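A short worksheet on the structure shown next.
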Amino acid sequence: MDSGDTAWILTSTALVLFMTLPGLALFYGGLVRSKNVLSVLMQCFAITCISTIVWVVVGYSMAFGDGGSANDWIGGLSQAFLSGLSRESLNGSIPESVFSMFQLTFAIITPALIIGGFAERMRFSAILLFSTIWLLVVYLPVAHWVWGGGWLAQMGFLDFAGGTVVHITAGVGAVVTAMVIGNRKGFPKTAMMPHNMTMTVTGAGMLWVGWFGFNAGSALSAGGDAGMAMLVTHISAATGAFTWMMIEWIRFGKPSALGVVTGMVAGLGTITPASGYVGPMAALLIGFMAGNLCYFATMYLKQTLKIDDSLDVFPVHGIGGMLGTLSVGVFVASSLGGAGLAEGVTMIDQLGVQLVGVVSVLLWTALATWGILKLVSLIVDLRVDEESEIEGLDLSSHEEKGYNF
Amino acid sequence: MKLVVAIIKPFKLDDVRMALSDIGINGLTVYEVKGFGRQKGHTELYRGAEYVVDYIPKMKIEIAIEDEQVDAVVDAIIESARTGKIGDGKIFIMPLENAIRVRTSESGGSAL
Amino acid sequence: MDSGDTAWILTSTALVLFMTLPGLALFYGGLVRSKNVLSVLMQCFAITCISTIVWVVVGYSMAFGDGGSANDWIGGLSQAFLSGLSRESLNGSIPESVFSMFQLTFAIITPALIIGGFAERMRFSAILLFSTIWLLVVYLPVAHWVWGGGWLAQMGFLDFAGGTVVHITAGVGAVVTAMVIGNRKGFPKTAMMPHNMTMTVTGAGMLWVGWFGFNAGSALSAGGDAGMAMLVTHISAATGAFTWMMIEWIRFGKPSALGVVTGMVAGLGTITPASGYVGPMAALLIGFMAGNLCYFATMYLKQTLKIDDSLDVFPVHGIGGMLGTLSVGVFVASSLGGAGLAEGVTMIDQLGVQLVGVVSVLLWTALATWGILKLVSLIVDLRVDEESEIEGLDLSSHEEKGYNF
Amino acid sequence: MDSGDTAWILTSTALVLFMTLPGLALFYGGLVRSKNVLSVLMQCFAITCISTIVWVVVGYSMAFGDGGSANDWIGGLSQAFLSGLSRESLNGSIPESVFSMFQLTFAIITPALIIGGFAERMRFSAILLFSTIWLLVVYLPVAHWVWGGGWLAQMGFLDFAGGTVVHITAGVGAVVTAMVIGNRKGFPKTAMMPHNMTMTVTGAGMLWVGWFGFNAGSALSAGGDAGMAMLVTHISAATGAFTWMMIEWIRFGKPSALGVVTGMVAGLGTITPASGYVGPMAALLIGFMAGNLCYFATMYLKQTLKIDDSLDVFPVHGIGGMLGTLSVGVFVASSLGGAGLAEGVTMIDQLGVQLVGVVSVLLWTALATWGILKLVSLIVDLRVDEESEIEGLDLSSHEEKGYNF
Amino acid sequence: MKLVVAIIKPFKLDDVRMALSDIGINGLTVYEVKGFGRQKGHTELYRGAEYVVDYIPKMKIEIAIEDEQVDAVVDAIIESARTGKIGDGKIFIMPLENAIRVRTSESGGSAL
Amino acid sequence: MKLVVAIIKPFKLDDVRMALSDIGINGLTVYEVKGFGRQKGHTELYRGAEYVVDYIPKMKIEIAIEDEQVDAVVDAIIESARTGKIGDGKIFIMPLENAIRVRTSESGGSAL
């Protein structure tokens, strides 16, 4: 055990939880109308609770346990209820408790990201049911495929900190949910302005800082790998934000705070799978591509397809995750400043593997999300009734108001 | 008695108050309203879509006065609130049958 | 000296300060009416300053210094003004400066928690006087009894991170103050809704994250103990929040954001004394019990006893602290996944010691708090006058307004 | 490489970024009127992006690279584009990537601090141009003089964490900008109250916590030096805040939240250059002096000179930075609890060196800032037109509103 | 001239504005008010205690018009604001003695 | 019909409502306004400079009633809103030509 590595992963765990609570909660909460702000905060908290309980009961085991003959697909239940995890057990140079806790924070933020797709209209009970099943059917298996020794890991698929495991699954989950439950009443004709951009910007700052734990923590040690991961993460965030800002400036004459922070998230989500493998110059480029691609994806989804993925989860996280995961295939090359391809693997090989991973996770997530929603809708309506939507979820679902100034 | 109601541009409030003060009017009530009229509101961008916010923040001032003060008050408001651009606002004159001061129960002109 | 351990305690110190500033300040600030929000924030800041100065002058020495013949009760003044604390002095594997600074953050948050009992009506000067004396008479002695080698420590009393030292003292201090200065004008007939639940939820998220430093930092090292402490802390927080949410859902049909975050604090406060001694399964149970017990205590105090412990410090922290401290006696057993009882100590023995600790700290705190308030009231009125209370403390005590939108 | 040291500097990097985003952004954002809040948040974000890009391209190299024959004045371009910075390269006991990333966060916050001087009236494009050039002409050279082996470093000038490099440059940059672009319309006759003091206090709490990374991180290791730096930082913050509060209480009968948090920043800024060199007693004194001097400087600038350094950057950071830098000369003495003067250096010698550093940085910053503003004004108007200023920068520059409750 | 004052449900504001626009009314002033009446407010829970919030958010619209437009305006408002449920609101007709446009000092009907 | 308009101290709102309820008045509309008058506003300190905030938060109540209820209503308001200190507020009586209930199109007294 190395106390320095442990110190950094303990810290990273705190940082990643901080991304969700209050980071993401504020980022999303500010973007909705004031009558729904508490519903978003509440959903982030409730999902945190549920993911934690699922993780303790079966989640950790399903993702990182030994699945025996089914290990290609899913971990077994041998570590259900964290059995076998003692004060002494290690994972590499850090205690297993720390590893499990760090990974749990990823299992928390992924379903929380999906909230952005169905914000302002989904029924609270349906959200809790959906999130629980989605964790079991989408997140935990995919985490096992990529990080738990499953089939993608065996193929040599590279996803350092979750571009695929977290961002593609969340982005696809969100847009499918948005399509199944339908647009918010009034979308896209009525302006549904963020009710509190200062809240969103606050959350964005927290996300940026917390992401250092997300990416640099994924090194699972405190050394050059973590350092480089933090550096490229930061560069991509800055470049993504700057790029989005410049596009808005050029197109509309006025750059917006919403644009800057969205570009930042795009840059962060996109560098995530690559953060352990690439160098600073690649990060500049990845951030620049993220700003561009995610920008145009957002506009296309909102204005052309008119799909109400309300807080733009798919175009930012989904597209960003795909772009980043594929770009690993290129920029990992040591000739491009990367950490280097595995022995005997060519760039084309690696790109192929990355593509297989992206496509299969995308398809599985889309299919499973759709199925889960159908299942949940048999038990409870997915959507609140129209009057509740007009009144706002805060009062209709939680009998509370965000503000009483 | 009359109730003079003026709808003006918010940043002109202080000027109007001073102008009224100068002609001896020291009591009034104000609140924020939104106006629709000829003046076009600002636009806001959201994800590349432009939304015209068609209401304009205005300040509404209500002044209860004796009939003979009406002209002076109206003139003072016009002078101090005018910028000459569309949206400078309106003044409405409404009849007021009585005014009572809560603290003393005085009524009529002496209540103002 | 171990640089990894030091890195973690430096980080933990930042996390625990973060719990108070801005965490607790926001948590509490959102719960009061908007005319009093700055008074709460201001009190948190001022108490931080005062505790720091007291700590440097005599506090550290009184809590952790050698008290000589009085050492059972109180540390001496040999380390007043931090004399003897140099760049080289160590405490275990970390610099003494780091140990002292870490402990200071506990001395800051404890009196800050009490604010919740007397919010919206106590005079600012009285608060400062009260907090100063309370630190000297309640906090520092109790910290010495439990952590500084005092009589409870000698008995084998277990309080890992302050369930007794912090939460029982704060909870009891708050409710006694609430009773002595009386209810807020209008309580309980008038609704005194939180003026900004988004602020409270933000603070709650910060408390959750910061609590990782509070509990896992109390291991004073970066290893398996810290890792397990963080894990159980997180589990109890999630379970406590989830439990409170379900109770509200069952009883009223609508779970509230206020309920979720209160349950979270209950889960955190309750696991605190146990966090270094118990395993994940115990944490699930402790969180569940905390959610239940603190919920019903809150309702009972507010609705039956009609005591205006305004922000529910006693039912959440006081009751939680007691429950947690007692539960250590049971769940520390290695057969229940705990760290194990000391050689030759039975569960009954340990429970007995825990009970002695809880009862004596409760009684001492109640008595001393009452006495201090009587003393302070000889110097300055404890409460602002009625007109100031109606106008709000922000304007009447600080000539400022929270918001000018 | 030491994993514990690395863990702490990774953490410190996160903490210092947190100071800017969202810390400083909120601190400043709350102080302006609500029609300008987003402009401030946006400026903080945009400057973060720009500083990052500048840093990667030439900044790191100019500050810390080897400048060859010009090394007294500026680093060379040998490390432009971070060339040579690999996963393996070290700086002392930490990876070079971590060192570079940590230092970058300082290059971010310095121009961000200047925002306070020109808030609510400067044109966004002018701000971006100005900040970019200012970094190149003021920040990077000064950082090289003091920390990169330049002429001040060679003289033995002591500035542990940036009292001169960060706070004097920012303070002087702000007040010069304020004077060049002129007062806000209505200043000082009209009251321009903070629109959201709760936001400012939130930011203040984040600054306090983040400053632990700023100062204790500047030790570049996790040991006694970092521990002592954190301790004295905390003490000075508390004393500065307490002092300012008491002055207001005595002078006006009512201490304000704004006063407390300003005193805190004064205490923090002032201890910054000294934090690695002095002991706890000196910290008490430094905080006390900071509270006094910065208080009176603020009043003098605002009320007597009527210079609209809108958010008081010069009197707090500039004056604080000078006071702190000079006080190092005294309190570094081991007889006063400090880390000790260098062999053969007397207190008078050291004070002389400190004075040379302060005066030359002050003059260079003032002159260069003035010149840069003149240059930028040739390209684009420095100030928005009057109508935009009345409407507020949020709408006129960014077509967005902070709040839609 | 008359001042027509309508107190309506907030989410009906856009409908009412469009209906008024359709009959040629383009100037009006609105602001948020709280109504007490037959309609019961929502409840809020706080620590298990239920508080009825007895005021209901309403939108108040004021339209200054010539006498002959009153009926058309009233009809347009009724049509567009009605949901048929309690709390749909009221329309008040008040006498207006004069109206003046600040920008031009025009008064009477041409000021509207 | 009359429209009784009362400008009172905000913390008196509940008392006034109860007093009106006691005399059978159950419909009214309220909103927040700022008053200027004899009562001096509070001061706020900012960086040592004292700014007098010269507007005072007030609550405005509007009650549409039949002519014969006016006296009772005025008395009830005076009784319940009075503190005896400057700034207790005013009551204005304005003529109301008609009232219409949106939901039912009833007009006149039965619309109230």
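Per-chain residue numbering starts at 1, and chain names A, B, C, D, E and F are given in the order in which the chains are listed.
As a working rule, a residue touches a chain if its C-beta (ideal position, glycine included) is under 8 Å from a C-beta of that chain, and two chains touch if they have at least 3 such contacts.
If you're wondering where the values come from, they're calculated on a predicted model, not measured in any experiment.
**Q** Which is the least count of steps on a path of touching chains running from chain E to chain F?
**A** Steps on the shortest route: 1.
**Q** Which chains are in contact with both chain A and chain E?
**A** B, C
**Q** Go through C-E and B-D and name the pair with more C-beta contacts between its chains.
**A** C-E
**Q** Averaging only over C-alpha atoms, locate the centres of chain A and chain F and give their separation in whole Å.
**A** The separation of the two C-alpha centroids amounts to 53 Å.
**Q** Provide the C-alpha centroid distance between chain A and chain C, rounded to the nearest whole angstrom.
**A** Comparing mean C-alpha positions, chain C is 34 Å from chain A.
**Q** On a C-alpha centroid basis, what's the spacing between chain B and chain F, in Å?
**A** 18
**Q** Can you pull out the residues of chain F that are in contact with at least two other chains?
**A** If we look for residues of chain F contacting two or more partner chains, we find 31, 44-45, 94-95.
**Q** Where in chain D do residues touch two or more other chains at once?
**A** In chain D, the residues touching two or more other chains are 2-5, 7-8, 11, 193-194, 196, 222, 252, 254, 256, 258, 399-401, 403, 405.
**Q** Quick one: which chain pairs are touching?
**A** A-B, A-C, A-D, A-E, B-D, B-E, B-F, C-D, C-E, C-F, D-F, E-F
**Q** Could you list, by residue number, the parts of chain E that touch chain A in their complex?
**A** 11, 42-45
**Q** If we count contacts the way the header does, which residues on chain F are in touch with chain D in the complex?
**A** Contacts found on chain F: 44-49, 51, 53.
**Q** Residue numbers of chain E touching chain F in their complex, please.
**A** Of all residues in chain E, those touching chain F are 2, 6-8, 31-38, 55, 58, 60, 74, 77-78, 81-95.
**Q** Going by the contact rule set out above, which residues of chain A touch chain D in the complex?
**A** For chain A paired with chain D, touching residues are 2-5, 7-8, 11, 15, 33-34, 193-198, 201-202, 204-206, 208-209, 212-213, 216, 221-228, 230-231, 234-235, 238-239, 241-242, 245, 252, 254-258, 260-261, 264, 280-281, 284, 339, 403, 405.
**Q** Within their complex, state which residues of chain C touch chain F.
**A** Answer in residue numbers: 390-391, 395, 399-401.
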